[in-house]
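Quick notes on the structure that follows.
Letters are used for the chains, namely A, B, C, D and E, taken in the order the chains are written, and counting of residues starts over at 1 for each.
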Amino acid sequence: MGIRQVALLGTAIVSAGMIAALTAPSVAQAQNEQFIPNLVYRTGAYAPNGIPFADGVADYINMLNARDGGINGVKIITEECETGYATDRGVECYERLKGKGPTGAAYFSPLSTGITFALTEKAPGDKIPLITMGYGRSDSRDGEIFTWNFPLLGTYWTAANVAIQYIAKEWGGFDKLKGKKIALLYHDSPYGKEPIAALDIMSKKYGFDFLQIPVPAPGSEQKSQWLQIRQQRPDYVLLWGWGVMNSAAVTEAGNVNYPRDHMLGVWWSGAEPDVLPAGDKAKGYKALMLQHPAGKFAVHKDLEKYVISQGKSMAKPEEFGQVLYNRGIINSMLGTESIRTAMAKFGNKPMTGEQVRWGIEHLDLNADRIKQLGFDGMIGPIKVSCLDHEGARLSRVHQWDGKEWKVISDWFKGDDSILEPLVKATADAYGKEKKITPRDCSKAS
Amino acid sequence: MLYREAGQFKASYQADQAIFPVAQDRLVMLALLVIAFLVVPFVTSEYVYRAVLIPTVILSLAAIGLNVLMGYCGQVSLGSGAFMGVGAYAAYNLAVRLPFLNPFVCILLSGFVAAAVGIVFGIPSLRIKGFYLACATLAAQFFGDWAFLRIKWVTNYTPSGSVNAPPLQLFGWDLSSPTANYLVALGITLALALAVKNIVRGHIGRQWMAIRDMDIAAEIIGVRPLYAKLSAFAVSSFLIGVAGAMWAFLYLGSWEPAAFDINRSFSLMFMVIIGGLGSILGSALGAIFIVLLPIFLNQALPPLGAAVGWQISTATVSHFESMIFGALIVFFLVVEPHGLARLWSIGKEKLRLWPFPH
Amino acid sequence: MTTARARSFTDVLLSVENISLSFGGVKALTNISFDIRKGEIRAIIGPNGAGKSSMLNCINGFYHPQEGAITYKGQRRSRMRPHAAAEQGIARTFQNIALFRGMSTLDNIMTGRNLRMRTGLFWQALRLGPADREEIEHRKVVERIIDFLEIQHIRKVPVGQLPYGLQKRVELGRALAAEPELLLLDEPMAGMNLEEKQDMCRFVLDVNDEFGTTICLIEHDMGVVMDISDRVVVLDYGKKIGDGAPDEVKRDQAVIDAYLGVSH
Amino acid sequence: MGAESRLPLQPGEAEGVASANVLDVANIEVIYNHVILVLKGVSLSVPEGAIVALLGANGAGKSTTLKAISNLLLAERGEVTKGKIHCRGERVDGLTPNDLVRRGVIQVMEGRHCFGHLTVEENLLTGAFIHGRRRQQIADDLEKVYHYFPRLKVRRASQAGYTSGGEQQMTAIGRALMSRPNTILLDEPSMGLAPQLVEEIFEIVKNLNEREKVSFLLAEQNTNVALRYAHRGYILESGRVVLDGDAADLRENEDVKEFYLGIGGEGRRSFRDVKHYRRRKRWL
Amino acid sequence: MGFFLEVLIGGLLAGVLYSLVALGFVLIFKASGVFNFAQGAMVLTAGLALVRALDVFEQWHWPFGLALLSAFAFAAVIMAIIAWMVERLVLRKLVNQEDIILFMATIGITFFLEGLAQTLFGADVYPLNVGLPKDPIFLLESLFDGGILVNELDIWAAVAAGLLVAGLALFFQRTRIGRALRAVADDHAAAQSVGIPLNQIWFIVWLVAGLVALVAGAVWGSKLGVQFSLSLLALKALPVLILGGFTSVPGAIIGGLIIGAGEKLAEVFLGPSMGGGIEIWFAYVVALLFLLFRPQGLFGERIIERV
């Protein structure tokens, strides 16, 4: 009888504990703190990519706290929540964290296209901005419709456009695209499908054949896709993968002897975990950059001094300065600078989500400010506005030389003659479907 | 001593066949209903609604649906995630294509679409049994995953394949608040749960159970396997489909196909088995358990770790969560293979005998 | 003291003509013919592996003989599914009890009424009006059977927990609930002690007398067979070696050699 | 240690001969699923070289007693909660079935339980599992089994699942013999078998007992046959031993005659004539 | 034509790789009637143990051969410990439970192992080099334009799978333990009653399945790097399993070949017209169609049904 009684008792205790955990009043909080949630995925099929990014995000905030005591004297508190890249877990994290801290969550970075889609529906009601740096809905750069979304630094449409610009330049002009065949090997999910709309338009405009090859998640097996590529012989392969799909693609490219330097990954396919498992086969593979390269810059000195050497970082030594780690610190920097911008208007106290939203919308980092922050060489200037929630449409290309990523191109700027009508059309459609009255940006303050 | 049925006599077959023949049970049930409908809305925070109550209630319905198939009819299915997806996308398409329909009508109609699809995928069950069938239902799961992604009509040609639920209204009331979502979900779930309970204690339910317990004997006494199995698939898919539509409309709001992937199928199966095969109450208990456990571990582990001076990262928490989850499943199966529902009834049995040991 | 009553029956309910059945080359039944007359108790005996159960399986459509024909109620039967046989009024019990172990006694017997219950899913879900009335009406019938078989006390007990003898009785109840015209009993008394056998015989005889149900049973206990059956078929290795009244069969040398042995 | 354990209900046995018993079961209680009490204090003993019959109605606890001895109970969520079981003076409750087979005690389960997908010969060979790789010995044993069951030799290559009930019963007993047991616990050997086969099986049991010196504890419904072949008998009712003694005595016992053999005062009565549903008083 | 052949061969070789995972399922199902969903997680665990140990030994500057052998030994020990724990803590407590319960328990084990393996060995991608060549080779270049591409690694994997199958088939049919394993699969209680110690048998069978997982982990790890998604291989192996039959070792291989070839041909030749990405459900549909004609799989044992 024993074990069953123990089980009964255990179940009772656990259920009681669960109920208590859910209803317990939150611990009394200091009033002068700014809460920034950190949605991460350190487990599951995408963990290798999720971990360095999450470490970067956390380290920068720790560094601010250690070096400056937060932002303008307001200490930042943060909490990680594991989403496992799953939408429902992400939503639960969001619900759990959105009310924490004296003013609630400052902003969310969902770090998953799926979670972004889901939160896009919830954020306006909760008045919390979403910073979806380099991912999310491409049309959400339209601030008239998407008041709360900020796809800072670049959207997938920007990426697609820049990729084509780069290929055209390599071949010697847009007219050379005509009759060529460009394949998109993509993660079969909303994330991977995002660029298709933009590529469709460009293929019509420039006259290249556009071949779509989906890879079912998680993408560890790509034999048939690469057999197709071998058969179709596209002149360029754009890779829109995530997690294991990237390294598998690069490996398979090696297996079928597809020239690696005719492959161009999006910025989520251009980090160390994407190429290292492929070993030698990755040599020559190229990827877009979300502006920033791998490597250590001025800000890394402070990170080293205040965080790494203090043993406060979870990052492994080799991670420090890697592509995704750097992206993580940029993500935090943009968020905290937005808060600083907001404080300039609303005072040096914890900001509410609404105030942070204003801050992001008025974020303006010029070259000087970027240098001041220690990000010189990592990103270009960014200026967000009500009309343009992307802030900058810049990208470069880097190439893996077998050991590290080397920047091989100059800056490209997204071509708004292509992008803007597309954004406008889809954003308006969304607005109509959701019965959103567009803000009038000329009147927004 | 409070829980005794002595002195309660039943004078009619109706009374004998009641769902809760014991008066105390009826009282407890009534109290729970009152709490669920009248007390909870006044004391609950939005977080508890969004993270706990709404998913639990909706997934309970899905688990009941799967339980009809697995627990009552004995057909193991690993494709329930896809059927939730069918419900969700059916509701979405109805809402988009027939804009004059109220979203709630769409939710209910989506059940019928799911039922039709369920019947199609149930046809192999006439020949295939056991684990072979379980694997075969994976075909439904993967086909669903693919169809939601690839057949553009399903997502109304949205470029990314991610779709949104329409705003929820009824008679001009805005029902998008968490409280409203919760009450709607609870109402639909309870109504359908009651309907299922009625079916399983009637002759159709007995046919299912006959097929489950011994299909050959069932056929020999005149149960048509075709009708029994397919009706179970239909009812099960109906419930799962409605749950899927609610999951999409009331919980996610916006979703991509990954919301209905194989992990959803697995978690539903956990609910059913941990809760108890062939028990409506068990399905709900299972749903509560599976929804709450990760949340609980997530909140409980870091402080526990801190107490012993160990900084636990979210990764560790989530690995631990995975381990504890796995271990608990095994533990429950070892202690009581028939699930929480059986533990519950043993508890009641004990209470009835108490203070005597036998 | 007495043996079989002299009863005579004339109407043929079911006749089996030249049936042969084989599984993957192994002959289970070879060229067997016999008939079952309306109202009688017909026994099939024979050593293990003689094909007795296969015979019942053919009659109720579970196996399909490769050769020969079965005529039931004057109609020659084509290949049919077991449930179709049930719909025509053939019910049976099984050698190794085939109850629905997860269900209560009551529910098990209620499944026997299954063929007569017609309300659809919709009314079932609401359980109002027709569904409720139907349920009660059939419950009354089932309660009479429960009464008849004296199993009131185990009405709500899951059958998996019942001892063997009671399970056999419940199984009989389930078959009776279908109100069959022809009842096939596969070793209804196997594994019972004397007292239980006596009870079971009583039930069988009463069913036969009171409801006029035709019964075809397989049984090893010669005492039982000789006492209660009107006519006996003897099978051995898939062939028919004897057919007739109990007393004749008992004296048949072929039957004695193949089955009864010297002691009977 | 055996002495005090077998004190109750052993009227016919001399004290102090525990060593002559292969099995001593003392006052065991068995509970299934933590709730259902099936055995309420059963004691019995099997002397060396004897055939002991365990008789009684369905659900009286015969199978449970056997399983309690061979330790197959755990698999069915049953457990021995009280009492002791000794095998040749050694405490054996709590051992695994495997341990018991090594000590020469093996059970042939009710309903045959052959390995349906294995051939008859493979079935037999599994019985020799505990003897490892002693090829010669195993080959000899196989021949011996075929000697006792010539029918199995004919069917040696067919899948056991397709053999008849009688052949399966023989396979099951033969399989047990392959382990070279000194005691076989035989559960319902006659169940579902034709009268002729029942005799055949019991003859083989008798032969094995006489020639191979195997002791048998058999649970049986068929009181008639069982008491003809057994030396001793125990009658179980509702989880208790209600009567025990030498088989010959039991055969003559009026109650046994009346309730188990069907021979009333006036001789055998036809099943057709038992008009009333007789109810004997049952002690629960 | 050349391309068709290339796809066919590529598919067949990919199929063999699935077979490696399916084999582990077959072993455990055949020997204990347990549908072991944890096979994928075991591949992950074995692969992680192997690659992490290899890293460590290489850091100690052991010669490659020694380091590799030791790493395999280490991983084998880990698999043995897992087998022991599974037997001790799960199977032993669930003797004679219904199949579905045991199946669920293995899902529990899956979660546990995934958590444990990642806690112990990390959740990153670890490139694995066990000395298998990975270069593409081109056959019949004279015959077809561009030749037929085959990967050396796949060929080695096929060889490994072939050897494993031959060995296991012999083990099951010819040995005492093999026979006992089959007996246990048929009837736990009866096997126990004749003195087959279930506990030892289960340990052995999980250990063998663990070693098969180790081979699969080494091969797949060399191909993709050792990482979490190895655990998801289980899902690719299931159609192979239903097609080949749960109880047939050769069936796992033949099923793998059919599924591999079928899904690759479908994806390459039908996929583009259907929007692509059809191979995963196509594999299941192929398996399902076969099942409709043979409900026990191509090589599965006949289901013996009696009343």
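Following the convention adopted for this analysis, a residue touches a chain if its C-beta (ideal position, glycine included) is under 8 Å from a C-beta of that chain, and two chains touch if they have at least 3 such contacts.
Just so you know, these numbers come straight off a predicted model, no measurement behind them.
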(message) Applying the touch definition from the top, give me the chains sitting in contact with each of chain A and chain B.
(response) E
(request) Would you mind checking which chain's C-alpha centre is most distant from the centre of chain B? (result) D
(message) Using only alpha carbons, which chain's centroid is the nearest to the whole structure's centroid?
(response) B
(message) Suppose each chain is reduced to the average of its Cα coordinates; what separation in Å results between chain C and chain E?
(response) 48
(message) Report the inter-centroid distance (CA atoms only) between chain A and chain D in whole Å.
(response) 72
(message) How many angstrom lie between the centres of chain B and chain C, each centre taken as the mean Cα position?
(response) 41
(message) Based only on mean CA positions, could you tell me how far chain B sits from chain E in angstrom?
(response) 32
(message) Going by the contact rule already set, what residues in chain C reach two or more other chains?
(response) 62, 94-96, 98
(message) Among all residues of chain E, which ones touch two or more of the remaining chains?
(response) 118, 123, 275-277, 280, 307
(message) By the touch rule stated above, which residues of chain D touch at least two different other chains?
(response) 162
(request) Would you pull the chain B residues touching chain A in the complex into a rising list? (result) 45-48, 50-52, 55, 145-146, 149-150, 159-162, 164-167, 176, 251-259, 261, 263, 292-296, 298-300, 313-315, 317-319, 322, 331-332, 335-336, 340, 343, 346-347
(message) Which residues of chain D touch chain C once you look at their complex with the stated criterion?
(response) 36, 56-59, 111, 162-167, 188, 191-197, 199, 221, 223, 259-262, 267-275, 277-278, 280
(request) Name, in rising order, each residue of chain E that touches chain B in their complex. (result) 35, 89-90, 93-94, 97-101, 103-105, 107-116, 118-119, 123, 235, 238-239, 241-242, 246, 274-278, 280-281, 284-285, 287-288, 291-292, 295-297, 303, 305, 307
(request) In the complex, go through chain B and note every residue touching chain E. (result) 70, 76, 124, 127-132, 134-136, 138-139, 142-143, 145-146, 149-151, 216-217, 220, 262, 266, 269-270, 273, 277, 315-316, 318-330, 333-334, 337
(message) Considering only the defined contacts, which chain A positions touch chain E in the complex?
(response) 42-45, 47-48, 51, 188, 212-216, 218, 220-221, 223-225, 227-228, 230-231, 243-244, 247-248, 251, 254-257, 273, 276-279, 281
